[in-house]
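Next up: some structures, all given as structure tokens.
The same chain A turns up in both complexes below, where it pairs with chain B and then with chain C.
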Partner chain A sequence: MRDIVIIGAGPAGLSAAIACREWDLDTLVIDEFPKPGGRLVGQLHQEPDGEWWNGIKETQKLVDKAEAFNTEIKCGVSVHHIEKVDNGFAVHTNQGVIDTENLLVASGAAESPAPLPGWTLPGVMSIGAAQVMTNVHRVRVGNKGIVAGVNVLSAAIARELQLAGVELHSMALPAVNTVTKDAGNPKKVMDGLVRIAHLAPSAFLRFGSKFAKAAWIRNLAVNFYPKGGVKMWGMPIHIRKAIVSINGTTQVESVTVCKVTADGEPVAGSEETIEVDFVCIAGGLYPLAELAAVIDCPFQYVEELGGHVPVHNQQMETPVEGLYVAGNITGIESSKVAGAQGTLAGLSIAKKNEKSNAELDIKIAEAMKQVKTIRETASIQFHPGINAGRKKVEKAYQAYEQANA
Partner chain B sequence: MNQNRIIDHPVLGHLENKTPVTFTFDGKTYEGYEGDTVASALLANGIRQLRVHEESGSTRGIYCNIGHCFECRMTIDQTPGVRACLTELTPEMVVESGKVQPTPFSQPEDMPQTYADFTEKHTDNKEGDPNA
Partner chain C sequence: MDHTIICRCEEVTLEDINNTAEKYGCSARELKLRTRAGMGYCGGRTCRPAVDAVVQEATGEEPGNNLPLKVQPPVRPTSLATLGGQHQS
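Coming up: the complex of A and B.
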């Protein structure tokens, strides 16, 4: 039986593994993808200070450090079930069952779909798919594309596609339907855009400053949104245009776009056809948490964190004895926050067998502070009110502990 | 081969020292690079269609590229239902596209082929349908 199995070799899982190995725990990291790094490997953006954040390099640093501590990392391992057994867990994988005393689920996030007519055609993909193809595999996903969905993630990845020389016609909203809802509502999208004003140091700053923080200014901006869109790095962003359908017989040939009102209602007769050969759908991210659910971890719905998250405390412990969580499964935040959470989770796991270790207590206190510091200085914030969301989860944990005391 | 590769990148640099890996897709030989997934190697060769819907025969390609959606399921080295986006390319790999499966209870030509088809077939007001 292992001391600790970590599901997910992203920034959270790898950082946790390093902390566990530093305290000499028998650690195994598993991941479904053939390479370690999770979604960190695809990331590439310029920080406000002009430095490039290169996910491939950051991943290599983490992997090198983990390997220096003789950490076992197994890729290509899919977990399909977890069972609670005496003194631990049985993790069911495509390569057999792994027994472990403790378990850290650092499974990250998944992309919310924004279904549109024609979205099953080859050439339509999630924006994250395009990111991995472009930056990791160095494969061009098409000759000319359009992005359906305007949000933090899609703006960042659209820039990455441009950097790689992949042509994008524009970004527009997915047409409103029962699934896309807020992603197709110009007012809601504008609220989100204000938060990415600082993402790029130059062009985007000017873009964001136009809309300020006050709600009435944002409403004004939506109502008088420029017909040609607002340009970011030379590419128009349309929040008063929506993609109504994706057209083609065996693959993407074009999209039909129409004008929409400030509330997202299509304007009849305004349809136009734009020739593209690929479409990136960007519905935003949600915590990927099924594996915590199959072992009866209680959940809390927190909009500020992107959806249903496993209830956990500030040390990343869940109410299930021996089960820990870290990274985007606890809420959608940047990879840097995920890494800091991973370190904290690793230390919390080490603490289980070192109850009265003063050095470890100091390290845990430092790690908790580090998570908060990184959160406050994060250049990408996916949801507003992260701190309020985190408080809700903490409260839910306390309520759960009291009810079961 | 590899016509869709991004060779030069202003931040990530020039793509070099890649080890070629040969594989077959539906009987034809292609070349990918070591470190490719089956999905990325095919896309690098301009192949987007990985399968057809098992019943309707409509075309499908990658969607999420991280193993969640199962849209890229293919037959790889004789194993059906393998996700191309999570499978690392190995030399002499035999990759086959997903085909139409027998549908003893319905005829494929009855299935909608496009979204327009789908709406046309499913908007008939049926008697007693609460959604009609």
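Coming up: the complex of A and C.
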């Protein structure tokens, strides 16, 4: 029986492992991907101070540190079920069952699809898939593409594709349907962009800052959005044009794009065809919490965090005895926040065995502060209401504790 | 748009879901069971948010704190040998 099994070797899981090993816990990290690093390995962007955030290098730093503490990291191990057993958990994997007293689920986030007519054609991929192929596998995703979905993630990744020499025609919205209601609404998209403008690390966020913060100016900006789009790194971004269909017989050959009103309604007769051989769809991210669900951890729906998240407190404990969560499973945020949450979770787990240890208490208090500081200064913020969202979860935890006291 | 596939594994279109919702006036769970949306090989990993959105609109059920469609193990495609305990290590 292990002291702690950590599911997910992303920034959250690796940082937690380092903290657990620093406190000498018998720790095992497992991940289904062939390499450690999670979504961090695909990341490449420029910070406000001009420094580059290179996910491959950041991952190496974490792995080196974990190895310096003799941390066991097993890749290619996929968890399909978790059972609560006496004194702990049985973790069911493709390599057998692992018993552990404590469990940290740091399984990250997944992408929401943006279904459009033709989205099942070969050559259509999620924006995250394009990121992994480009930055992790070094595979050229196509010769000329278009991005359906304008948000902080798709813009950051579009830039990465450009840097890798992959030609993008433009970015536009996905046409509005039941699933893409928000992603296809120019006003909502503009709101999202403007609220991150003050963080301006890059040309993309300066793009947002071209529009003022007052709602009426934002509406003006949507109404009088330049016909040729607003250019970022020479690539037009359209929020008054939507991709209505993806066309081709055996693979992507073109997309049909039309003008849309400020509310996202298509303008009849404005259709044009653009030849492309790949399409990236960007429907946003949601916390990947399936493993917390199979052990009956209570959930809370928090829009600001990206959807349903396992109920947890500020020390990353859930109401299920011995179960902890950290990283994007607790809400969609940048990798730096995920790492800080991981460190905190690791310390909280150590605390379980070291009930009265003043040094550890100080470390936990510092780690909690660190999560907040990093959140405040994060250059990539997925939702402007993140703090409000975090408060809702904390409240849910307290309510749960009271109800079950 | 109606012929757009929502669940790729089971090839369920938006029209299939909407028609089933109209015909049976059923709950989210029943709608999923009748159409098999989200119940294919990937276990809903690709389409879950899309199925949730479509089913929500079709049934008028607002998102609550419980997951709209229950998560069932195994959450990954798993061989019978693994389930039976005969894993290779």
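Here is the rule we use: the second predicted complex is superposed on the first by the 394 of 405 C-alpha atoms of A that agree within 3 Å, B and C clash if a C-alpha of one lies under 4 Å from a C-alpha of the other, contacts with A are read in each partner's own complex, and residues count from 1 in each chain.
Here is the rule we use: contacts are C-beta pairs under 8 Å (C-beta built on N, C-alpha and C of every residue); 3 or more make two chains touch, one makes a residue touch a chain.
Since the model is a prediction, treat every value here as computed from it, not as a measurement.
Colleague: Using the superposition on chain A described above, determine whether A:Pro117 touches chain B (first), chain C (second), both, or neither.
Modeller: So A:Pro117 meets both chain B and chain C here.
Colleague: A:Thr330 in the overlay: touching chain B, chain C, both, or neither? Say first, second, both or neither.
Modeller: After superposition on chain A, A:Thr330 lies in contact with neither partner.
Colleague: For A:His81, select first, second, both or neither according to whether it touches chain B, chain C, the two together, or no partner.
Modeller: second
Colleague: Which of the two partners, first being chain B and second being chain C, lies in contact with A:Ser170: first, second, both, or neither?
Modeller: Neither partner.
Colleague: In the overlaid three-chain picture, which partner chain does A:Asn151 touch, first (chain B) or second (chain C), both, or neither?
Modeller: After superposing on A, A:Asn151 lies clear of both chain B and chain C.
Colleague: By the touch definition at the top of the document, which applies to A:Gln341: first (chain B), second (chain C), both, or neither?
Modeller: A:Gln341 contacts neither chain B nor chain C.
Colleague: Touch test for A:Thr318: chain B only (first), chain C only (second), both, or neither?
Modeller: Touch status of A:Thr318: no partner.
Colleague: Could you give the residue numbers on chain A that contact chain B in one complex and chain C in the other?
Modeller: In the superposed arrangement, which is not itself an observed complex, chain A uses residues 32, 78, 110, 117, 120 for both chain B and chain C.
Colleague: Going by the contact rule set out above, which residues of chain A touch chain B in the complex?
Modeller: Touching chain B: residues 32-35, 39, 44, 52, 54, 56, 76, 78, 110-111, 117-118, 120-126, 128-130, 132-141, 163-166, 245, 249-251, 288 of chain A.
Colleague: Contact residues on chain A for chain C in the complex?
Modeller: Where chain A meets chain C, its residues are 32, 78-82, 92-97, 110, 112-113, 115-117, 119-120, 175, 177-179, 181, 283, 286, 290-291, 293-294, 298-301, 307-308, 396.
Colleague: Of all residues in chain B, which touch chain A in the complex?
Modeller: Its residues touching chain A are 4-12, 15, 35-37, 40, 43-44, 48-50, 53, 58-68, 71, 85-88, 114-115.
Colleague: Flag every residue of chain C that touches chain A in the complex, lowest number first.
Modeller: So the residues of chain C touching chain A come out as 1, 3-6, 8, 14, 45-47, 49-50, 53-54, 57, 63-67, 70-76, 78-79, 82, 85, 87-89.
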